[in-house]
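The chains carry the letters A, B, C, D, E and F, assigned in the order they are written, with residues numbered from 1 in each.
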Amino acid sequence: MSGHLVTAGETMALIAAVQVGSLASNRDMRLSVAGAETNVAIGVARLGGRATWISRLGNDGFGELIQRELRAERVEALVQIDTGRPTGLMIKERPNAMRTHVRYYRSGSAASAMTAFDVDSETIAAADVLHVTGITPALGPGPASAVQHAVDIARQHGTRVSVDLNYRSSLWSREDAGPVLKHLVERADAVFAGPEEAALVVPDGHHEELARSLSGLGPDQVILKLGGDGAYALVDGQPHTLAALSVPVVDTVGAGDAFVAGYLAEWMAAEPPAQRLRTAVTAGAFACTALGDWEGLPTREDLRTLGSPDSVQR
Amino acid sequence: MSGHLVTAGETMALIAAVQVGSLASNRDMRLSVAGAETNVAIGVARLGGRATWISRLGNDGFGELIQRELRAERVEALVQIDTGRPTGLMIKERPNAMRTHVRYYRSGSAASAMTAFDVDSETIAAADVLHVTGITPALGPGPASAVQHAVDIARQHGTRVSVDLNYRSSLWSREDAGPVLKHLVERADAVFAGPEEAALVVPDGHHEELARSLSGLGPDQVILKLGGDGAYALVDGQPHTLAALSVPVVDTVGAGDAFVAGYLAEWMAAEPPAQRLRTAVTAGAFACTALGDWEGLPTREDLRTLGSPDSVQR
Amino acid sequence: MSGHLVTAGETMALIAAVQVGSLASNRDMRLSVAGAETNVAIGVARLGGRATWISRLGNDGFGELIQRELRAERVEALVQIDTGRPTGLMIKERPNAMRTHVRYYRSGSAASAMTAFDVDSETIAAADVLHVTGITPALGPGPASAVQHAVDIARQHGTRVSVDLNYRSSLWSREDAGPVLKHLVERADAVFAGPEEAALVVPDGHHEELARSLSGLGPDQVILKLGGDGAYALVDGQPHTLAALSVPVVDTVGAGDAFVAGYLAEWMAAEPPAQRLRTAVTAGAFACTALGDWEGLPTREDLRTLGSPDSVQR
Amino acid sequence: MSGHLVTAGETMALIAAVQVGSLASNRDMRLSVAGAETNVAIGVARLGGRATWISRLGNDGFGELIQRELRAERVEALVQIDTGRPTGLMIKERPNAMRTHVRYYRSGSAASAMTAFDVDSETIAAADVLHVTGITPALGPGPASAVQHAVDIARQHGTRVSVDLNYRSSLWSREDAGPVLKHLVERADAVFAGPEEAALVVPDGHHEELARSLSGLGPDQVILKLGGDGAYALVDGQPHTLAALSVPVVDTVGAGDAFVAGYLAEWMAAEPPAQRLRTAVTAGAFACTALGDWEGLPTREDLRTLGSPDSVQR
Amino acid sequence: MSGHLVTAGETMALIAAVQVGSLASNRDMRLSVAGAETNVAIGVARLGGRATWISRLGNDGFGELIQRELRAERVEALVQIDTGRPTGLMIKERPNAMRTHVRYYRSGSAASAMTAFDVDSETIAAADVLHVTGITPALGPGPASAVQHAVDIARQHGTRVSVDLNYRSSLWSREDAGPVLKHLVERADAVFAGPEEAALVVPDGHHEELARSLSGLGPDQVILKLGGDGAYALVDGQPHTLAALSVPVVDTVGAGDAFVAGYLAEWMAAEPPAQRLRTAVTAGAFACTALGDWEGLPTREDLRTLGSPDSVQR
Amino acid sequence: MSGHLVTAGETMALIAAVQVGSLASNRDMRLSVAGAETNVAIGVARLGGRATWISRLGNDGFGELIQRELRAERVEALVQIDTGRPTGLMIKERPNAMRTHVRYYRSGSAASAMTAFDVDSETIAAADVLHVTGITPALGPGPASAVQHAVDIARQHGTRVSVDLNYRSSLWSREDAGPVLKHLVERADAVFAGPEEAALVVPDGHHEELARSLSGLGPDQVILKLGGDGAYALVDGQPHTLAALSVPVVDTVGAGDAFVAGYLAEWMAAEPPAQRLRTAVTAGAFACTALGDWEGLPTREDLRTLGSPDSVQR
């Protein structure tokens, strides 16, 4: 059995500048969709798992596009259509080759009006893992309560809880985020974080210290995402480190979600920690080799071909 | 003397789908900027007038782009930068060749936080014409009071007042809009409206009835924009009709603003009503022959060349 | 109840030149997918029906893309993956504004190896309508037997049979096609054809003659598609004519499939003939207003908005 | 035998704005090559004739591109490479859907330094037709003498002389052009002109008057190109009129050269005047149905398929 | 004297995805043409040699495009038009930055129906070098016999024979390929191979072993292409090694053909082995610095400028 | 006070190939504007200084575009419109990843007809710095006298003189350039040069020797631009060296102008030499991280954010 993941959060239309350069001289943009939770859900579905996403969308072309893409990716969408609010929107711009700016048009969005009532208890109760992120509580009191409620249900029914801290500085301050994220960590089974994010919840320190402190708050599994340096994990008290794979990097945005998807797919498939990390790191690497937040996520077959010698197949 | 126009309102980034078709299969989009008031201001500036625009913008790439375009078009921008709110955004999509959908991401925008305090009294007092639209009062109480305050100042200092009703059904209901627009009409010298818009304020009827009713509320000049049918005007009680020019139509959005710009430029230049209308109708036609809400607006030289026989110049 | 349509046939990757002009100076192309049967299936699904498609695909990127698009469009694909044969491919080119050339790379394709064994009897038996086209029998003996077998099953189980003649001159001659198409007509409940296609099966004549002759072979419903002239139908002996809707035409390819989808969706929903034709003609018109063979197919909501007065919605 | 055409003149790189609209908001451009004489030469070669072009090019990428395209089109290029002068360049812009602006960067170009010494006497002497235009004499004294010298050689050796007046107002005034063009007409066997161009040389009048006056100067064949109205010809004293074909018009630039190519190809093939005009008018129509000055020129096979009923071939 | 190369094989239309990424989110493609043998022929022609290519093409736009490009590149095409079979087609896709997939639509193509009768004996007898590849025998019995026949003729008339093993795993198995390639090697004067390809014919080993074994089968010249590691050659028993040039790599596909073209051009020009290799390695490097299988091939002038200090010329 | 820079010279339309590769297979081009002097002026304006540019432009779309961009960038343009001459044009092509070709269509341009009379004495007299380049004297006697006259005025009125040698080999020979550039150096306060350019004026040597020799001719400040190696400066006899910043390089064209702008902005702001160089080197680095000759020039805020840790801001 490959497992069933449920997640909840906001997914938005994503309009990204096609070229590097100032907006004044680079007017070509490209539409896609993105959201940390659906990125993970798509990643799990591509690896053969079942994935369900709970949210709200506007009654507009962007909402339809999101649902269409999720159907295409085999993610089940349990979605309320909010006829009075628009689907959230994200603008991605690269003024020069050193910088990526992501700006949100999500205040007042359909998903920001999500509440605990949107959370489908039966689905969560029947799932293997509930995955939530630290983005959703920052969207407003409704979404915050939805996340807490989902975690409550999961814990009551033995559904394992996975949390990615995913701190977004444009949504809330480090001071506001800290206690909320801590509360999530305390009730999670698995926690994913970058070192800076970990330091919002526990005292700063080197990787092992951060992981041990986080684990001390509750979760058996703490996995630190280290970008180009790979990952450090503490699973049932055992440390694991894995270097990143060396790949031609096209776009690193989404690597973290790919990593989480890889880890969770293997965890649900009852693979041992080393294998979870291996798939996580490989999925993270794959995500870096194509444009887009989730478009480069690997399938099982992709995982197999990575490392085959000849890059041109004909 | 060519006259000085002052206007106030919201201008947004405009991201438009490049191709006709559903968003799912047409992901290419293009960034520009648009706003009814700056469309008019640009139109006046291209025709040789002076134009000033009062508003708020976010501290972001879109805000910079708007300011850059206005400088390029010689429109003076009296703008507050609101570091806590984003610049408004507009999405334009053509699901098929029969439909254009315009959706706004402007609730909570910088310009929606505009207030009467943003209105620069001296600039308005010294100007020849103040031009406002029925869009701004729909953006919130702050913008509504800004418009009313601007009109008050204009009337106190003998600056003529121009109003384009510009009803936007996605911003407010016909019921909410009616009395507000009526109040604006009562205090205007010149009013522009489509027949349906006019019927928000006065009893429905044929063109002359609508115009007479509107004029009865105060304004000396009532100009009905009739799309491909041209225009009907009642100026100092005298009726004028002018057919639209026959041109290859590329994009009709913005024709109304072009028309208003043409009319106001000639009014400020003390041209007689027939000439005002002629330039209005020509400017409206020009705007239809190029993509974009204002990009096709004519210069004085363009007005001269329209009607020259040979379309290929070499 | 909205009904369940089953269909079988080949769907291909479609690579179309972006611009009108010779290939030498127009190298930009665009990838999508198309096939007469899935065009109809998508059309039915968009109108709220259930649609299932039976076929074979290659184990390649094109096959994945087809499956992805069908999931996105809610069409169920009962598909065998043929690891030894490629997914079929179609090239569309417009050397000038007067001509469209469609060329096929489908000989030896996965779907051309389809056989009667691919046909899922239970699915057909349980469906409301089986829809097949005159293209599939032209793909080879396997596909021909698959179509005949599917029709056999349908007739045995009381599933109604719909046939669109869809003659393709590049696949077979008029002589070869005639008897095969005739055999299909004889066993169909509803037949769709253009006048030239009808004349492959029955003696040429004016619309009523053609329809009466076709109906004389068996089917209760004969519907002639007349392009810009609309449609002529003979249903239970009663003639119906309906003019085409006047719309801005962007691409007429696919109008016929849209028409069929509209008709079948209403037939399955037990709507009377006049309503079937009305939806058929409207769907055909919609398909003409956007690029692509199926991308412009309408939803129920689209049908409602057609005819609403204002084309710019904001 | 299909005949051998020789021509001489300037061909340039052509950079055209991709979209209709002001340069400020339409920065995408596309590179091709164009020149009235090579347009005609390509047209003749596509219709099965042999064509040779005499000119100068710069030692640069544009010059290479021109030679490459001519090889591709089977036009022989007798070209001197001028290492000290650039290949000429032409900019085409469509500020709106009503206007096309063509501007030249050809003063000081390689071809403007052409002289009588560049003219290959043997080639002209052995050819069936020499075709020259009224553009070349406007490029400077060298090109003017080259044209005159070419005509001298042709007349001495019995090579028939074809002249297209092709008046370009940006190169010289009507006053300067008149006598030069008249001198060309006097020594031509066939003359092509628009009515306005004809009036540079003979007194203005209706079509027949213009043609008779031109013919009175020497040429047996005078063909007036009338754009969307077709053509009027006076051949050996006999009048011929032919309406334009009704086609979907994409770009009319180059229609005149296509017309000339069609006429000359048939003249060289000894076809009677009616057939010359028929091919001329068809070639002109074809040229209008694709972008580019020569890209839409027809082959013999294209001429055959025009008029076939079904525009979608599959 | 610069020499005359004859080659025979299949050239196809090549449609390549413009962007790296999955087909689902990267629909833009670009059309060009490619084939190992014409790549070499173009390379030789650009270096000043004469090159002739023997093959079959379909009666379609792709076949015309191929002929047009070859004319443009000064390669003579001795081509039969097969009205019943299409021109072959190749799809190139880069799902991520690590992988290039090339898939063929060439089974049943015009060139796959090539036979020994297509081979023009006189042309081969009069040429300096016949170049064939290991691709053609894999296309079917007809092409295989065409290659063998061409080699026979060459050997009879003293035309030197060059073979590039060019193993394509999607066309045949290593087992099937081995003996056929061995037979070609035995009758060649010069053999080009990658180390893995060499090991299809002779026992695996290090570069010198592979080269000596291959040379033992007959050819005086064995040249191993080593990608980014340059080349190893054994010419008349003498070993030569040359490192690759360090260049900014854009697309390595086609480097091997460029290398072969460089080598053969110098061999035909009677340059010594070291110079042959130098030009080969330089041509291979050039090919890597531009997109496309042959578009980056150098001219003699390009060879001269490589190594000039300033990369921006103005 | 931030200072006022005046500069004079030619600015052109710039049409650049979008892709790397030969023109034959890369026809997409993109229009912008560029000129060494306005690049510097824009750089100074972005850093908060005032900048004025003196020149001539044609009465055409390119001239309008240049003026529009300069308004957008807050550079004042004192421009004569020359109705008889075109605006200059520059073509940028990258035949492969190793080479950039820049070719000019500026002979006979409006700016090449500039004379000493175009120079506005009052503006120069009132400015803080006059900046000129070695390009302008190469455009013809008029521009040469304009530059000399501008320098005369500056020296008379105590306006400091900055010179960038900017040798362009396509405009004049090293022999012609040497004495003219030397004369400029002798009368400058600050001189910018690459080492090769310096060697046109003084004996070749290592960086310090070159700088000391140049300084010996008059200027207190000599700054050598060393590309990827940073810069060497001799200011008031004191040597300064600064390494280049390590950035992802997209396009190095324009780095020199950015460097000069950074230096001059700080010099006018009375910053010490070390700070001038720091800003110069940072501006040069910024210019390399975006496409275009000036588009990547930094603002003061950009200077601040460089070096901030997180490259993705959200």
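To be clear about the criterion, contacts are C-beta pairs under 8 Å (C-beta built on N, C-alpha and C of every residue); 3 or more make two chains touch, one makes a residue touch a chain.
None of the values given here were measured: they were computed from a predicted structure.
By residue number, the contact pairs of A-F overlap by more than half with those of exactly one pair in E-F, D-E or D-F, and this pair is E-F. Shared numbers divided by all numbers used gives the overlap of an interface; between chain D and chain F this overlap exceeds half, so the copies present the same residues.
Simply put, chain E must spin 120° to overlay its Cα atoms on chain F, rounded in steps of 5.
The geometric centre of chain B is 41 Å away from that of chain F, both derived from CA atoms. Chain A and chain E, compared by their mean Cα positions, are separated by 47 Å.
Chain F has residues 22, 24-25, 27, 32, 68, 72, 95, 101, 103 in contact with two or more other chains.
Residues of chain E touching chain A in their complex: 19-22, 24-25, 95-104, 168-170, 252-253. Of all residues in chain E, those touching chain D in their complex are 68-69, 71-74.
On the chain C side of its complex with chain B, the touching residues are 32, 72, 247-250, 286, 289-292, 295-296, 305-306, 311-314. Chain F contributes residues 15, 17, 22-24, 27-32, 60-62, 64-65, 68, 86, 89, 91, 93, 95, 101, 103, 105, 107-108 to its touches with chain D in the complex.
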